[in-house]
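Everything on this sheet refers to the single structure shown next.
Letters A, B, C, D, E, F, G, H and I mark the chains as written, and numbering starts fresh at 1 in each.
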Amino acid sequence: MIELVVHVLVLIGLIISAVLTITFKDLLAAALASGVFSLLISVEFYILQAPDVAISQAAVGAGLTTAIFIIAIRATQRFEGETE
Amino acid sequence: MFLNLPYVTVVLLTCLGIAAILFKRNLLKILLGINILESAVNLLIIAIGYREGGVAPIYTLAPSTNMVLPTPQALVLTSIVIGVATSALLLSFSIIIYRKYGTVNVNLIRELRE
Amino acid sequence: MTDPWLALPFWYPVVAVLLFLALLATVRLALGPTPADRAVAVDTVNTLVIASLILLSVQFNEMIFIDVAIVYAILSFVSTLFIAKYIGGELSG
Amino acid sequence: MIPFLITTGSVLVFYLILTAGSGTIGLWSLSELVAGVCASVVAGLLTKSFLCHKGDYRMLNPVRLVLAVCYVIGPFFLEMTKANLDVAYRVITMRIRPGIIRVQSDLKSDLGIFMLANSITLTPGTITVDIDEETHDLYIHNINVGEGDEVRPAFRDHELFSLANLPAWIRRIAE
Amino acid sequence: MKQIIALITILVFAGSLLMIVTNFQFGVPIKSDMDDYFLKFGQVQTGTNNQCTSVTFDFRGFDTLGESTVLFTAVMGVALMFRRFIRGEDDADE
Amino acid sequence: MAVDGLVLSTGYGLWSPLAWIVTFVIALIACYLLWRLGVSSYKPGTEQSAPYLSGNKADDPTALHVPGGNLYWGFIEGLKWYYDRIIPLHTGIVTDYLIWMFGVAAILLVLVMVVI
Amino acid sequence: MRMSKIVRTATDILYPFIIIFGFYIILHGHLTPGGGFQGGAVVATGTALVLVAYSWKELPGLVSKNLLWFQESGGLLLFIGAGLAAMIIGFPFFYNWLAGSGSIFGTPVAFGPNPGDLNTGGFLPIMNIAVGVEVWGGLVMVLLYLLSALEREERA
Amino acid sequence: MIAEMLIVLVLVIGTIFNALGVIGLLRFPDIYTRMHATTKATTFGSIFTSLAVVIYGFWRLFVTADSQFLTLAIHAIIAIFALAFTNAVSSHAIARAAHRMGVRPIPAVCDRLEEFKP
Amino acid sequence: MISDFIWANSPILLVAIPLIGAFICPLIGKVSTDVRRAWVMGIVTLTTAIAAIVVYRVYTEGIVTYVFGAAASGMTVPMDSGGIPIRIIFTIDPMGALMEIITAVVGFSVIFYSLSADARRSGLEQYYTLFLLLIASVMGMVSTGDLFNFFVFIEISSMACAGLIAYRIERGRAVEAAIKYFIISTVAAIFLLFAIAILYGEYNALNIAMIASRMQFTPLDKVALVLIVVALLAKCGAVPMHFWTPDSYGLAPSAVTAMLVVASQASLYGLFRFVFTMYNLTFTAGMMGWTLIIIGVLSMVIGVTMAIPQKDVKRLMAFHAVSQTGYMLLGVGVGLAVLGNASLMDQFGRMAMEGGIFHIINHAMYKGLLFLTAGAIIYRVGTRDLNKLGGLGHQMKWTMVFFIIGALAIAGVPPLNGFASKLMIYESVYLFNPLLSIIAMVVSILTLASFVKVFHSIFMGPQRPEFSEVKEAPRPMLIAMGILAFVVILFGLIPVQVVSTLISPAAHALIDRAGYIAAVLGGV
């Protein structure tokens, strides 16, 4: 029962962070939320007994994708822009 | 035991990713949508390979018969690497686009039409 | 599997509480007026999740799963530094 | 050469700690030792210019290392516990009076100022916000500035700690 | 108009993918004969404890070669993007 | 017969490259013969080679060239109703392209699921 | 631009240990969770730590692009060469010709969490090292190129 | 039994401090005070929850003499060090960045750094 | 000894040699430019030779299988596994061999071409590396018998293509084309991965033959089928998803464009492989066939009508590529639609499929030739606007001849190869549905019309003063074009031999699902 609770919490966190990633107008915040998303999906892999994948996802999602993304934001623009 | 919650999550994440791809106008946001979509597929593959009460496919203790399937993990490893490579390439394209066009809004990146 | 220590009921509840706290911290992630607030929230989530990963590795009785937590502890530092460097306006050539 | 040896040695120790309990030669197996030496030589070659950046080898002194361990589990941990009780009190009562103050320190080495800054961050009511690169003055966010303290231009470093004189410890370790 | 089409599309996708939820049962793989082979013989054939690695590098090693090549390709693409131009390389075209 | 191997038969029609080549060669020979019948009093560079436009002076040759964009003006004008619909579809916005892709997938999904 | 002195000192202390931890993950890829890609990503992130704490231009001769190119190509060539070696001794491509051979990396493996049986796994450790080296070079190179793009942005 | 009690005690302490940190994160008015809550309390709490794992590992090592529990304990200690080390430094980095970005401590009584760098 | 080695390992050498060439290429470029050229040329020649060996092997021995990492290369099913293949298996049947011929020929001539075309540019080491990677990935895509491996190769090919499209980044439009192509192909690859996940979850197998033998046609299989079809249609540029095609074909360097055509054909090959081998005779065969037919007809019509008003020569040719893709889809779609009916199949279905498959190879050849001529013109003249070009027939005679050959071939004028395949498609499709055949013919006429326009604008007319300095294209370019033109004429003159030796076995291999399964799983 209690593992179900843990599982559900992680899945809810996934959905929330995905929604936040999409809805933020500030791309920096979106990148942060995407970092949380990949962290939580790594936890989900961990719970589903895939530690290799969890390390991989943590390394990529936490460290590198966020870093590359922030450099890209720095090189482009930070806000999404309201105009069509 | 866990019902089919991971699969439901996969469906929801897929919808969110597609929504980000189709409704957002910013290239970097579209990239984030693609990332979410990829993560959804990865989660689906891992969830397919899960066995109730299984342990990781690493022989740390005595041999156990109830291990989760190893192939999905191998597939997802490959898929994650492909995801990071995709992100890197797409972001560098975006940087060049911004340098040339002054924007990353897809509605304004349309010199090639008709 | 017959290890009596595994039946001890105190790992999972703590993990559940920690993850719940991590979810609470995402509220600050959603609200935070400045990016720095959001970075603090992400840092908090990272710490809490690392703690729960360490506990989960004991729960699963797989001692080497703890490597994941170490990797995450190190790597989240790097991404936090990148964020800090960016919002401090120091990220340049 | 000396930086390479120091880096390799410390890295090898870390590797051996990581793989402790793997075999029969002491706590380690033979292949583990061989792999550890190879890996640490490579890592030492690649990172020798970092760990011994300033050409300052005083941390090789075993007394200082022992003191460092004592420092972490002794006074530092004590201050940290107090800090957390303090935070708990402030979280519950919301009785805060924050401000950024300037702290002067006579620590000279990089490691010393680094340890002091981290100690300040993890101990009562204070967070290091910025550092003056030349004079090593720390700018500190204090959650509860004392009455009348906001007019003081600078503090001494030991005034921040109440239970133990952490700067003195750090001076003994790192200077 | 486009928004409505996109919304309908997403709904259709969600409906189709819900079939995954109804057809697969979480925790019970439908078939597992290939993976059972890996779990049974992998340790003996490849001499590894980590069956995930043995699948990644031995049984499906060619995929891993492809994966590394993907990374290599991406690095090449990024290097191509940020290369330095040689002098006088103006595009005569257009 | 060796020629059989060169005939592409589709059941209703056939295509024989060999016969075609023979025809082509015959046509070439005929052309050559016709060319030989001509009078060789042509001198390049004189007014014989200039185009005769009812006695008017010829235009500058470069101005006579019809640029490619104008070639099928009539065709495009005649199918204006079609082109007015089809060209705006190529908007140049990548999201629209993705909507097309997802839309086709959705239509096919509905077809596969519902119709059959 | 550099970050503050505290971050730089922390980087100096942490960097060798991150590198060795990445090596640990690479070398133990066939025994514990981890492997070439994961370890390579950890090491690359360690280098990213240096890149972020210092300015990428003032790195003391560590991150040279030539070395990175060589790592990238060399890792992949080692990988594919391990496969081709099987072909040369008469087996199909990617045949695990070292497993169970009794020579280097050829002893059978025992059960255990951290048994120190590094000398097992056939050519899997070689491949792990190859992939690790390649991933390290590749990811750091991506970061370096993106950072150099930033610099060019500022000059323009 | 004593070990169990100890583990439960440590876990409870850790959880409480983590909770306090998160509450502080939600309640405090500006970023610097929030950072007080998160940095100190969550680091301390996480150290305590991980300390439970260390105690568990050493206790089981003592009982069973199985070397994998030594691995567990050592890796948990390393995780604790990594956690404390990186948390302190990264909170300093964020605070510095926030101040450079122009976030001022809102209810502050004094701001010496403002005078140092106008 | 060495010949035995190469003979036995030829399927993997086909992929491994370009890969090794690509891995060494960035290092060797640091030595000298000439060394790099010689290296690239040698690698491509070697690849072509190996491809010839593989093709010869396939046409003499039947389906060739190669198992990675098994104790013996022919051991597709291990003894103790209970009859399931567990490793990655290369399965090359005549259809795959046909695609390998295309890749080898086009790749060889295109590398030869670009050695002279791009000699004065920067970033050439990455350029050639990506080119070799593209060749390797296309070879892998058409050789592999494993679903996930196909996905990996398709990712490599789309990344290499995107990098190559954006090669001239000083034009922002090239990067725009590349990013559009890359986003669409990434989403397509995610679709494919979704389908793979579903199929893996149902059958716990990744081998195509294994999945085919276990196929049960559940609703999930339908979802997977739709995802696969849409993904690969998008990758090959069929109509509602064709928007990336003119952009990327138009903006890439011409040599790359010729190779992009081949990469698209490889996706088409994947589509045919999955539909025919994995889902052969399901209850969706008729519907899928009609889907392919409708999409094919749409591609033909919209492609050619959009081509007519274009002013950019390469963009115009790109729209023709869309239109020609429609022919292939039409031919093979007709074959798929009547797959279950043996009498109809004998009557015209097989012929339609042969026509469609023959069109693949013809299209790769003449479209490659046309793009190379366009590239030569742009290289010498510096503009691609049809309104500004004119009168080049005076100086670029050989280019004009090659252009005429290509244009007549694409329009289906005898005696060139386009005519042969189009004749087969017309005749057989007429029996299936006369309307479709008539549409195809009309499209063919419009194709001819639009190429008359191109020919007129580029080569006809008086010599223009601004082009008086223009010279003939460099000799390596002409040789590269000559190779392709030779193949075009050759296939036009001996279509029967080509059809009976190359095309008919390929079509048979697509239909013969049991043979494919038996080659992998051992007689079922």
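Assume a contact is a pair of C-beta atoms (placed from the backbone, for glycine too) under 8 Å apart; a residue touches a chain by one contact, two chains touch by 3 or more.
As the structure is a prediction and not an experimental result, all values here were calculated from the model.
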Seminar exercise, completed: A correct list of chains touching both chain C and chain D reads G, H
Problem set entry | Interchain contact steps from chain A to chain G (minimum; 1 if touching) | 1
Seminar exercise, completed: Contact-pair count is greater, between B-I and D-H, for D-H
Exercise. If you average the Cα atoms per chain, which one ends up farthest from chain A?
Worked result: F
Exercise. What whole-number Å value describes the gap between the mean CA coordinates of chain C and chain F?
Worked result: 66
Problem set entry | Length of the line joining the C-alpha centres of chain B and chain D, rounded to whole Å | 39
Seminar exercise, completed: Per the C-alpha means, the centres of chain B and chain E lie apart by a whole-Å value of 9
Exercise. Counting in whole Å, what is the centre-to-centre distance of chain A and chain E, each centre being its mean C-alpha position?
Worked result: 18
Exercise. In chain F, what residues contact two or more other chains?
Worked result: 87, 90, 94, 96, 98-99, 102-103, 105, 109, 113
Exercise. Going by the touch rule set out above, which residues of chain G reach two or more other chains?
Worked result: 3-4, 6-7, 10, 14, 21, 25, 32-35, 37-38, 42, 45, 48, 52, 72, 76, 80, 83, 93-94, 96, 109, 111-115, 117, 135, 139, 142, 145-150, 152-153
Exercise. Which parts of chain E, given as residue numbers and ranges, touch two or more other chains?
Worked result: 6, 9-10, 13, 16-17, 20, 24, 29, 32, 34-35, 38, 43, 49-50, 52-54, 56, 58-75, 77-79, 81-82
Exercise. What residues on chain B touch chain A, complex-wise?
Worked result: 1-2, 5-6, 9, 12-13, 16-17, 19-20, 24-26, 28-29, 32-33, 35-36, 39, 42-43, 46-47, 49-50, 54-58, 68, 72-73, 76-77, 80-81, 83-84, 87-88, 91-92, 94-95, 98-99, 103-105, 107
For this session: Sort out for me which residues of chain G touch chain I in the complex.
Result: 66, 69-70, 72-73, 76-77, 80, 83-84, 86-87, 91-96
Exercise. Which of the residues in chain B end up touching chain G in this complex?
Worked result: 56, 58-63, 77, 81, 84, 88, 91-92, 95, 99
Problem set entry | Residues on chain A engaged by chain G in the complex (per definition of touch) | 51-52, 54-56, 59-60, 63-64, 67-68, 71-72, 74-75
Problem set entry | Contacting residues of chain E [partner chain B, same complex] | 3, 6, 9-10, 13-14, 17-18, 20-21, 24-29, 32, 34-35, 38-39, 42-43, 49-52, 54-56, 59-60, 63-64, 66-68, 70-71, 73-75, 77-78, 81-82
